[in-house]
Amino acid sequence: MRQNEELRPFGLEKGVQLHASGSCLIKVGRTHVLCAANLEDRVPGWMKGKGSGWLTAEYGMLPSATHTRSDREAARGKQQGRTVEIQRLIGRSLRQAVDLAALGERTLTVDCDVLNADGGTRCAAITGAWVAVALALRSQGLEAALVRQVAAVSAGIVETGEGRRGLVLDLEYEEDHLAAVDCNLVAARPALGGDLELVELQGTGEGRSFSRSEATGLLDLGLAGCAALMEAQRAALE
Amino acid sequence: MRQNEELRPFGLEKGVQLHASGSCLIKVGRTHVLCAANLEDRVPGWMKGKGSGWLTAEYGMLPSATHTRSDREAARGKQQGRTVEIQRLIGRSLRQAVDLAALGERTLTVDCDVLNADGGTRCAAITGAWVAVALALRSQGLEAALVRQVAAVSAGIVETGEGRRGLVLDLEYEEDHLAAVDCNLVAARPALGGDLELVELQGTGEGRSFSRSEATGLLDLGLAGCAALMEAQRAALE
Amino acid sequence: MRQNEELRPFGLEKGVQLHASGSCLIKVGRTHVLCAANLEDRVPGWMKGKGSGWLTAEYGMLPSATHTRSDREAARGKQQGRTVEIQRLIGRSLRQAVDLAALGERTLTVDCDVLNADGGTRCAAITGAWVAVALALRSQGLEAALVRQVAAVSAGIVETGEGRRGLVLDLEYEEDHLAAVDCNLVAARPALGGDLELVELQGTGEGRSFSRSEATGLLDLGLAGCAALMEAQRAALE
Amino acid sequence: MRQNEELRPFGLEKGVQLHASGSCLIKVGRTHVLCAANLEDRVPGWMKGKGSGWLTAEYGMLPSATHTRSDREAARGKQQGRTVEIQRLIGRSLRQAVDLAALGERTLTVDCDVLNADGGTRCAAITGAWVAVALALRSQGLEAALVRQVAAVSAGIVETGEGRRGLVLDLEYEEDHLAAVDCNLVAARPALGGDLELVELQGTGEGRSFSRSEATGLLDLGLAGCAALMEAQRAALE
Amino acid sequence: MRQNEELRPFGLEKGVQLHASGSCLIKVGRTHVLCAANLEDRVPGWMKGKGSGWLTAEYGMLPSATHTRSDREAARGKQQGRTVEIQRLIGRSLRQAVDLAALGERTLTVDCDVLNADGGTRCAAITGAWVAVALALRSQGLEAALVRQVAAVSAGIVETGEGRRGLVLDLEYEEDHLAAVDCNLVAARPALGGDLELVELQGTGEGRSFSRSEATGLLDLGLAGCAALMEAQRAALE
Amino acid sequence: MRQNEELRPFGLEKGVQLHASGSCLIKVGRTHVLCAANLEDRVPGWMKGKGSGWLTAEYGMLPSATHTRSDREAARGKQQGRTVEIQRLIGRSLRQAVDLAALGERTLTVDCDVLNADGGTRCAAITGAWVAVALALRSQGLEAALVRQVAAVSAGIVETGEGRRGLVLDLEYEEDHLAAVDCNLVAARPALGGDLELVELQGTGEGRSFSRSEATGLLDLGLAGCAALMEAQRAALE
């Protein structure tokens, strides 16, 4: 059985999407997310004429990615609330990685499509998409615009079930389902190295509340997980 | 000038919506939110036959609630991502307040409509809606289903501008706009009294990351703010 | 019991929406409508380059405004036919109040949101919105563009039930439900004073037809009601 | 030049739609509307189990029906406000013609599609659709459910232009465009004969208000026009 | 009984839509389609600045055109997959008829609306719309842009039922329903005369596959049918 | 350079989607499509109570699958006409492979998602999805319901460009773009072996028409290509 503070086995495969400026297939256990980044010569209407760029993210799940097939959002004609919430989180997190002014009036569009879902898809998406963004910027000679490294992981408190118990890192679907408290944590550090800090912290009590000390426990667990993921990101880019 | 740990003047007015089972107009400074709760004899399809109830929340802003008029979502035919994200947060938070099994197969529908927006509308909505929920349950003789008290407040780190600086509680629009770090915190305590804990914690770095100690500082500030709001909620119900 | 030709108690409260150019909360009995007017620096595409302005109106109901909660139109993704019909009526009526050429290429956008509904919401919306429009024009130094005063009221023929019978003015929900004939009447007079005339007359037989003399009876009742409402509008602006 | 109180030449052709229970192509001058009525074995959800029937109407315009091609509503994914308003009027008007209880739990669906538009399409639609409804009821042996005869016409006040001036009946597009006051009037009389009365009266000032005596003038003109149309309806059914 | 290689009786009536640049009502047996063509001074965004024109087609069915009434697509807010597929076919087929460069930056918009459906509506639409396009171009002095003549017909293999059996031309609804193989064929020849060739060939096995020789048999049947239709098109234009 | 009658290198990888009943990643040159099949315990409304099953297909492209990023259909809220047309073709083709009565009242839902697009995505989707369907049926012990083998390929006539010329098999994007005639061909043979026949044939002239003999030439080329693909399908299943 996995240790409480242990990540699932993970890997990063570059270049899976042939036409994207940068792409990366991230596998975290049985969670597989295809991430792509493209630089487009336009900015949203409200940013025109400011000389600065933008980064936006979209997230989707293939219908067969889940345990029972889920509806195709394009066919329903509407993205679910959960989808909208996740893609806003991915966009906010990755905007912390890029010096938008250095892009000029261009938009980095990030696509994260889940091929297989087994818990932690939003965190895997952020971690994989950061690699796709780095590759896209490099392909355009814009490495200097990459000012921070960003990665994400989940942590939670599990009190029932057959598996890990207590404060655990990187929840898979079964654990996530059982968790009394669930936390997604996005961390960043300067591109040239430096201390790891938080850029997003989203903790939710599912059925009970949690104390100040539980909150800091989850936070410490998550920061350690992000540090390990960042090493793998660095290795993938070399 | 307001102190860093000081809430804006606030008030709770009951019964403003004549037909709702419970309603409350909350005013936090210049942020005014009309909250209503209604008990309906239905549950979502996926809950049918389980004998348990549900709580769902919807959030909206009147077009003239903002500094410049915003589009009416009903006319655009689509709720914005921000709206969807906020109503999911309100729903999750208030489900912590209610023993859903005690409702039977009924749905508590919470509506939060912003009449005037000056920062902190989602937190005001949660705080006011808890009062509307309590009134609705009381009107149906279901007080026993109200198992926790829930309130919410924002906190943030402001480093520029003419006003408050540093870690500040309950940001108004102008401060929110300037904040380098922004945090929404929802707290709960047992209905019969007890310690205040967290049910939601959402911190975001806007332009910079934040350290573990800044995170705990915001958390402490927010818990203190929620304690004061909970006293006002209690008073309003008596 | 109210007399057949008697209006419900009513009042007009200015300035409830802090950011609107003009706003007015109108209460007619238990029907409460929040009206706002904003002047925006744009005109619809088909009006560009003509040097003239436009006035458009939107109408909505808070879900808890009705006896049983109604669906939120923004969540359903579509405005109901009734909503569309009402906002077209409000817009047409108020365009009779304003000299659009005097606005230049600007749009007066009127929002009418029903907080509590007890019959006559469209008429209350027109009467209250006229005050909001007057305040918005005044705040921009455009009083001269206000060329007519506009107010609206309902009248109908009730033949059953415990309450008023015959031709009655200003129907509340219960009466409206029972009415065999239902009429909404919008009246106008020159801003500087003069005779009251009609700008909209919408009569509908609900279950029976109505004669020419019944039609003129309703019309006379409505004109008298509008005259009283116009006095209150004038008083509110002073 | 046509007299002020003169209708355009008109005709009613039955059976143009081969599969409809009843159909009628009405031509009023250059305004041509194809009307069909079908009886379906269902009622809207809110009517189920009441043993009574319903009548609903839909209205559309072929894109090439207008002077310049208009957008196809099915392609835009949305019916215009004008369309919604018109189909509500047609439905309300024709429900006065039918004893809904006599239908049992069935719905009469009326379709009015404008092939050519030259003013007065909503009135032509009502007049033609009444014939389609009568044919549909007859084809099902339900003549007894047809309790009233219904027809509609427009009238208005024209003060400029080269053509007719003053109070005029049955406006064509050019006159409608110029009209200072525009009125649509739907009249009914018992199926077995009797006096003509009103079921809908919709008068609108376009640029000016209108007096009580102008209103009654338009009303008298419209009632006379409807009487002539009703004779033609009767003849078409024999 | 009709011979296997025999078309239904058909006719082409010009000018039914009074405001269209060109219009044609085509009747093929009990299938009746109203076709119109209009030349508009705009091209799609992706064609701007290329100096060339475009042709686009839209297709619809009146709700009462079918054996049992079908939903109105404008009311459902969505065109069906079948509709989209058909209007793409009509557009592709007619673009073969027109020298788009000769139009300049203008769009020919073709509307095909089915009044009565009894099989073969898409083929009748193409055949009738070609006449409407020819009339529209002639009305603008653009005859030279009409470079090819285009017509369409169906053919199929019927193996059951009371009627025609084997390879049959121009299927009516009942035959189409029974057909084991169904083929739509669009043919073209140069405007100034010349050999008939194919521009679209769409064959589908419905319940069984079909051999190479069956495919060529259907193709020969269809080409012969198109030749006859083209003579009628020519006659209609003279 | 590839021969005119030569397929691109291709491969079929099973089991890529962990939760699907059957899945297959098909790679045809640089065109990569992820196909999945799931058996669900429901049928569309119009099939209920008939004791028979259904097969439906959905098709999508990841935004980064194309040379320049394309819009996400879920975000636009609408599937494009091209998407709708393709998923209808996939569904019709695969329904020829399955004995729907043998499924009972269950639906096989096929998802085809393009990861990389370089021409021929709809044909690759059909060929790969047949493998996914076979795996899904096998996993449920329903091999007997698989009555035919189905595969698809494109062929076309290329007359310009640097590459292959004349009648060519299996067009890549660049060739497809240049092709004067473009044909998609779906072939089937009995599951237990037998002759290859057609189930779908869709030929389109792009800028010119094509003769009867060109049509049969494309048809022969396509049938030969399908035979080769079917061998690979068989091998993948063993």
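Going in written order, the chains are labelled A, B, C, D, E and F, and every chain counts its residues from 1.
In this text, contacts are C-beta pairs under 8 Å (C-beta built on N, C-alpha and C of every residue); 3 or more make two chains touch, one makes a residue touch a chain.
From a predicted model like this one, the values you see are computed outputs, not experimental measurements.
Q: Which chains does chain B share as contact partners with chain D?
A: Where chain B and chain D share a partner, that partner set is C.
Q: When you check each chain against chain B and chain E, which touch both of them?
A: Chains that touch both chain B and chain E, as defined above, do not exist here.
Q: Counting only C-alpha atoms to place each centre, which chain is farthest from chain F?
A: Farthest by centroid: C.
Q: Can you tell me the C-alpha superposition angle of chain A onto chain F, nearest 5°?
A: 180
Q: From chain B, which chain is the farthest off, judged by mean CA positions?
A: E
Q: If you average the Cα atoms of chain C and of chain D to get two centres, how far apart are those centres in Å?
A: Using C-alpha averages as centres, the distance is 27 Å.
Q: Could you tell me the distance, in whole angstrom, between the mean C-alpha positions of chain C and chain E?
A: Comparing mean C-alpha positions, chain E is 51 Å from chain C.
Q: Just how far, in Å, is the C-alpha centre of chain D from the one of chain A?
A: 59
Q: For chain F, which residues are shared contacts with two or more other chains?
A: Residues 77-78 of chain F each touch two or more of the other chains.
Q: Chains as vertices, touching pairs as edges: which of line, ring, star, complete or other describes this one?
A: Shape = ring; chains linked end to end, path closes on itself.
Q: Under the touch definition given earlier, write down the residues of chain A that touch chain F in their complex.
A: Contacts found on chain A: 16-20, 23, 30, 34, 36, 38, 40, 58, 60, 62-69, 72-75, 77-79, 83, 109, 111, 113, 115-118.
Q: For a test of understanding, state which residues of chain D touch chain C in their complex under the given definition.
A: 81-82, 84-85, 87-88, 92, 96, 148, 187-189, 195, 197-205, 207, 209-212, 215-216, 219-220, 223
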